[in-house]
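First subunit A sits with subunit B, and in the next complex the same chain sits with subunit C.
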Partner chain A sequence: MAKTAWPAPDRRKLIGSYTSRLDGPQKATGAAKYAFDINRPDMLYAKILQCPHGNCKVLEVDTKEAEAMKGVAAVLVEKDARSGALPEITFAGDTVATVAAVTEEIAYEALAKIKVKYEVKPPLMDDRNPANVSGRESKTATGDAVAGFAAADTTIEGYYGLACVTHCCLEAHGQVCEWRDGDLYVWPSTQNVSGYAGGVKDTAALPLEKIHVDCQYMGGGFGSKFAADAWGNIGVTLSKMTGKPVKLMLDRDQELKIAGNRPSSYAKVKVGVKKDGTITAWDSNCWGSGGQQRFSLRTLPYVFTGIPNQNTLANGVITNRGAQRAWRAPNHPQGCLITMAALEDAAAAIGMDSLEFFKKNLSLTDKADIYAEQLDIAAEMIGYKQKAHLRGDKTPGPIKKGIGMSMHTWGGKGHPSQCSVTINPDGSVVAQLGSQDLGTGTRTAITMVVAETLGIPMDKVRTELGKNSYPASGASGGSTTIGGVSASSRDASTKALNVLLDKVAASLGVPKDNLEAWDGKIQEVGNPAKSVAWEKACSMMGMMPITQQGSNPPGDLTELTTDGVGGVQMAEVSVDIETGVVRMENYAVVQDVGLIIDMKTAESQLFGAMVMGVTYALYEEAIYDNKTGAMLNSDMEFYRLAGLGDIGNFKVHFMTDEKYQSRGVIGLGEPPVISPGAAISNAVANAIGVRVSELPLTPDRVLAALNQGGVA
Partner chain B sequence: MKPFAYANPKTIEEAVKLLGDAWGKTEVLAGGTDLVTSLKQNLTSPDKVVSLKDVEGLSGIVAADGSLKIGATTKLKDLIANAEVKKNFPCLVTAAESIGSPQIINVGTVGGDLLQRPRCWFFRQGYGLFGTYEGAALVPDGDNRYHAIFDNKGPAQFVNPSSLAPGLIALGATVRVHGPSGTRDLPVAELFATPKADTDREYTLKPNEILTYVSIPMKGLKNATYEIRQRIGLDWPMVTASVAYEDSGGKAANAKVVLGHVAPTPWVSDKAAAALNGQAVGEDSAMKAGAAAAEGATPLSMNGYKVHQVKVVVKRAVMASMA
Partner chain C sequence: MPNKDEHLDASGISRRGFLKGVGAASAATALLTGAQEMKEAAAQAAAPAEMGPGNVTIMLDVNGIQHKVEVEPRVTLLDALRNRLDLTGTKKVCDRGTCGACTCMVDGDLAYSCSMLAVEAVGRKITTIEGLGTPDKLSDIQKAFIEHDALQCGFCTPGFVMATTAFVKAHPNATLEEVRKGMGGNLCRCGTYAGITQVALGTPAYVKGGA
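Then we have the complex of A and B:
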């Protein structure tokens, strides 16, 4: 009888292998259809009229001219959900009205003909000024901070911050809606296939079983695509009004303005430290803004949570920009930058090597052994011994080099997931689950698990996901997907296999408890001589396929997925102290992640996170105008993302010892994106001899910091 | 985007006749890298678009009468690949290559580079050429990190985005302009003007004129461009400098130093040129030229760093010219 537990290392053929995405060719050729690519007969295109003001009341919307245009099918004016009156608008880019027309061009033209009167009020945009805090403050105190600072030989006081960034998904948000025979069909770009329908059911006034969601491919979500959103409901309404399918995808500028952002965070930090590197006290006063959503950063101090004698204060600024959304490892990159930068400044203040300092204080973390091992590996990868120097590169010339490091932590246990696996009498296999592949390789990983469990090649297994008619699976957030779907698909395929073994046992003359699926056969455990080929075995089931449901957690409560990973990253940068330009040289990523299903897509997760990390460390910043509230760089021109020339050399290393892998599957989406801001900021400080307080580390900020000191 | 009539003339005379005498009614299409996005963002809503694609004689590079003539619709990629340009005008090659995007280099044109509209984000977000909102100017108290540090006391505080103009001005190039009553030639420096009204354009070209070619005298000038840019790939520079001078036994003569991305027009620094003229070209004179170039800058609230960068780009452009 097959067991649900993960196979032992010597019984893994596919799990842990370097396997290419199954849908790579479809994506490369364009055969893969994203929400943007869905076209339905007689479809209308909807476009949104955005409010240009960050804070205003809509007084009047005149849609007559737009409605009179040939080709315009419907104009929908936004109303306050409760009162039904024209709305108060609290961030620029929010929806005033939407037009559905037979072509995109006509829809845009109609938008230009809508006349709106606003009562404009000044927006509050300045989230750097702590005087603007308006949220509920959160305070913590442990130990005796006064005594802790008194015991310190040196106390550093620093200011650190990260700008608001957006999710900037390659594929913008949106969906196609179609009503057919009283049912609603939606093709959204979503991280939440099984839960999406709940977000439009009230607007549709339909029971959930009449709402059919289909998302086969998507171009990134990063935490911004859990909900159906306002535009989902507008699409449903317009489709209902017109009786036609409606495509409503956000334009790039809207994607940047209204489809999610990561809260800014700023902090004044004091760290008390003894000459020998012992940390004696921490004090932080942190504020930041989640836009229209209340926010306060409660991840300080990060990783080094065991620092004795802490005072923390966190507060928020409500600003007139869109509400924050979960952004890949919510609140961790901010906590990480502020903590690791402050601690590195403390090390610099006592003239201690950063690596030595961090290692000395690992007992203040909850993964001391793991970090110690990882720090050594990362140091080796980046050539720390050969290259490291104390703060400030003293070599002549304008180009200064430096190395910085950071540590992070994450949960990543699998979410609730259900999966059904069908073994057909011809030996073909189908796995179905209402999950989604955000581009990370989920479809491939599930196929690997099912094929491994059944001992057959991957091409015998078809994985179907992306529809809410399949067994429900959790939303893809918090690095929970791989743990959830690998467990439910393992459970389902194990159960299906056991039904099959039951049918085969008699003809092989081997008790089913002593059978296994291996190498395309059902065989006596360890004895290929007593076996039957997979297809032959399947033919014994008669005409009825075997279908079994599996879940996470599995029915027998086997732990296939666990929680909690650590990672260390080291960055090497060069900084031109005359121009202020920072360039990435080398980057070492060391990550603990439990059992890895697909080594190749796991590595891709690290590479993707690194590109995103370099981007928010060096370039990325949502810039808003303080008078209008408008986002000024809602484009790919001044909303800078790192390109291939900007990222330097990445080296990655997974902790694949059995002591790590035996923990089961743990998610990897978030952890590697946490440290880059901190590691790169520390590397820049190490290079130029002075801290650049805020990310992104743009030339103007680098030059301003150098004006305060450093090697220049 | 408002629907418009599309004209595809075959001769320059025909093309000029299709233009009107007011900006915005008719737009001229070359590579389209700026115009197409401007149309889509309703920054301009012309009734007519006149394509130069099929106009004879507008594309190509020829050496004649001691000058190199570069047609207005010559692609940037062809400019970069031209042997004469490579040999004589490295300052242009650096500037064009630094645009960083193969897509833009492959379709963008020399004339389009000179006549593209500013990238000022207030302008691009629809607040007009001078960036106004509810009657007030947005630039002085807004995010002006990429705005002008010279010639910024009037309402125009954007920077000229042309990659090639500083180099062309340094090299003493002229442009040929074709209008309804024939042609006129003018120095590239005089092609640009700081607009007084937000309905003006940033150049002295009239609405019914077309730039047909650039002519660069081949005088054997030493020349180079240096740009400070954040990204390796597609990006706008923060500050650029192009220098050109006669090499008179190791000393500079008739030097020109032209800055980009610091003023509403390409910014000719006579002070920097004076600091170079008669001096041995080297680190010392390069630094002095840089310091002179930054004199008189009037930075806004967020772009003081550019004053420092001016010193660096001029110094490095001079140093690069020695290579």
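Then we have the complex of A and C:
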């Protein structure tokens, strides 16, 4: 009888291999259809009239001219959900009205004909000013901070911050909606196939089973695409009003303005340290803004949670920008930058090598052994011994080099997931689950698990996901997908296999408890001589396919998926102290992550996180106008993403010893994106001899820091 | 001149309106960004026969097939491909010449199809991602993208495949420096640059752990 537990290392053919993603051919040829690409017969295009003000009341909306235009099918004016009156608007870019028309061009033209009167009020935008805090204060105290600082030889005081960044998914948010025979069909770009319909069911006034969601491909979410959102409900309404399919995808500027952002965070930090590197006390006062949503950062101090004698204070500023959304590893990059930068400043203040300092204090973390091992590996990868110097590169000339490091942690247990696996009499296999592939390789990993479990090649297994008619699976967020879907598909395929073993046991003359699926056969355990080929075995089941349901139950850790990972990253940069330009030279990523299903797509997660990390460390910043509340760089020229030439050389390393893998599957999306801001900031400080206090490390900030000191 | 009835984009300039006014010949000036420059360019442009408003019927040669298309003159090549011809492999991301997701080939040269009008493409040979290969018949570059896992969500991928195809043809033995300089016209949010770099370098097989 097959067991649900993951196979032993010598019984893994597919799990842990470097396998190319299965939907690569569709994506590389443009055949993959994203929500943006769904074109339905007679489809209308919807476009949104955005409010230009950060804080206002809509007094009047005149849509007569727009409605009279040839080609305009409907104009929908936004109303306050409760009162039905024209709305108060609290962030620029929010929707005032939406037009559905036969072409995009006509829809845009109609928007320009809508006349709106606003009562404009001053917005609150300045989240850097701690006087603007308005959220709930959260305070912690452990030990005796006064005594801790008194025991220190040196106390450093620093200010650190990260600007607000957006998700900037390349596929904008949006969907196509269509009513047919009283049912609603939606093709959304979503991270939440099984949960999406719940977000439109009230607007549609339909039971869930009459709402059909389909998302086969989606062009990036990073935490911003869990909900159906206002535009999902607008699409449903317009489609109902007009009786036609409606495509509503956000324009790029809107995508940047309203479709998700990561909260800013700023902190004043004091660290007490002894000459020998012992940390004696921590004090932080942190604030930041989640836009229209309450926010306060509670991840300080990060990783080094065991620092004795701490005082922390966290608070938030409510600003007139859209509400924050989960942004890959919520709150961790902020906690990480603030902590690792402050600690590195403490090391520099006592003239201690950073690597030595971090190693000396590992007992203040909850993964001392793992981090120690990872720090050594990362140091080796980046050539730390040969290249390291104390703060401030003394090499003559304008180009200064430096190395910085950082550590991070994450959970990553699998979400609740259900899967059904069907073995057909012809030997073909279908796995179905209401999950989604964000580009992480979910489809590929599930296929690998099912094929491994059944001992057959991957091309015999078809994985179907992306529809809410399949067994429900969790939203893809927080690195919970791979744990959830690998566990549910392992469970379902093991159960299906056991039914099959039952059917072939008699003809093989082997008790079913002594059978296994291996190498395209059902065989006596360890004895290929007593076997039957997979197809033959499946033909013995008669006409009826075998279908079994499996699940990853909510709640406790299981033998298939657990949580808790650590990672270390080291960055080497060069900084031109005349221009302030920071260049990436080398980057080393070391990550532990439990059992890895597909090494190739897993490595891509590390590479991708690192690129995203370089982007928010060096370039990315949403800039708002304090007077109007408008986002000033809601485009891709001035909201800058790193390009292929900006990232330097990078190497990745997974901890794949059995002691790590035996923990089961753990998610990977978030952990590697946490450290880059801190590692790169520390590398720049190491190069130029002075801390650049805020990310992104733009030339103006670097030059301003150099004006305060640092290398000549 | 921009017509005040038309949609103004975030820069306050109606690209489509401007181009409708001055005709297709000066469409390359869509890349200009200042209003004053736009006016000057408009003044300089010889005024060819005016098209529109309203639809015009044009023929587009896409992937070797002649398509009859009805479009307003202000419609970009990108929108014509996606919305009129259902050739949706070419993606719309920034819609203003920054990201490369809409990259096509026009007469063999790379072009951002969001920054070109459909009427400008008349009489020229347009190649889109659909013209390079199909899932059953992949081009070598497409195969290499899959081998090097140079794609995650895949939304930037068609544009990158177009750009890399042209780059490799022009630089068959490119150095790393050349790749970094030459492949800067496209952006990826998922961070697939490691794999794309290997494709552009012509590295035959996946490099474990990065290079």
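Keep this in mind: the second predicted complex is superposed on the first by the 706 of 712 C-alpha atoms of A that agree within 3 Å, B and C clash if a C-alpha of one lies under 4 Å from a C-alpha of the other, contacts with A are read in each partner's own complex, and residues count from 1 in each chain.
Everything that follows uses one rule, which is that a residue touches a chain if its C-beta (ideal position, glycine included) is under 8 Å from a C-beta of that chain, and two chains touch if they have at least 3 such contacts.
Given the structure is predicted, the values throughout are model-derived calculations rather than measurements.
> Determine, under the contact definition given at the top, whether A:Ala112 touches first (subunit B), second (subunit C), both, or neither.
both
> Please work out whether A:Pro699 is in contact with subunit B alone, subunit C alone, both, or neither, and reply first, second, both or neither.
first
> Which partner reaches more residues of subunit A, subunit B or subunit C?
C
> For A:Val120, decide between first (touching subunit B), second (touching subunit C), both and neither.
It touches subunit B, and subunit C stays clear.
> Touching A:Tyr217 in the superposition: subunit B (first), subunit C (second), both, neither?
second
> Pick one for A:Tyr470: touches subunit B only (first), subunit C only (second), both, or neither.
In the superposition, A:Tyr470 contacts neither subunit B nor subunit C.
> Give one of first, second, both or neither to describe whether A:Arg252 is in contact with subunit B, with subunit C, with both, or with none.
Touch partner of A:Arg252: subunit C, not subunit B.
> In the overlaid three-chain picture, which partner chain does A:Tyr619 touch, first (subunit B) or second (subunit C), both, or neither?
first
> Go through the superposed model and pick first if A:His653 touches only subunit B, second if only subunit C, both, or neither.
Only subunit C is touched by A:His653; subunit B is not.
> After lining up the shared chain so the two structures overlap, which partner does A:Val611 touch, if you call subunit B first and subunit C second: first, second, both or neither?
second
> Which subunit A residues are contacted by subunit C in one complex and by subunit B in the other?
Touching subunit B and subunit C on subunit A: residues 105, 108-109, 112, 634-635, 637, 642-645.
> Hey, which residues of subunit A end up touching subunit B in the complex?
Residues in contact with subunit B: 52, 105, 108-109, 112, 120, 578-581, 618-619, 623-628, 630, 632-635, 637-638, 640, 642-646, 698-700, 703-704.
> Flag every residue of subunit B that touches subunit A in the complex, lowest number first.
Touch list, subunit B to subunit A: 1-3, 42, 119, 121-122, 124-127, 133-134, 136, 138, 141-143, 145-146, 228-236, 238, 302-303, 305, 308-309, 312.
> Given the complex with subunit C, which residues does subunit A contribute to the contact?
18, 20-21, 23-34, 36-37, 39, 45, 103-105, 108-109, 111-113, 168-172, 217-220, 222, 251-253, 438-441, 599-601, 603-604, 607-612, 634-637, 641-645, 647, 649-653
> Inside the complex, what are the residues of subunit C that reach subunit A?
Touching subunit A from subunit C are residues 4-10, 16, 72, 74-75, 79, 82-83, 86-96, 98-99, 101, 128-130, 132-136, 138, 142, 145-147, 149, 151-158, 161, 179-181, 183-184, 186-197, 206, 208-211.
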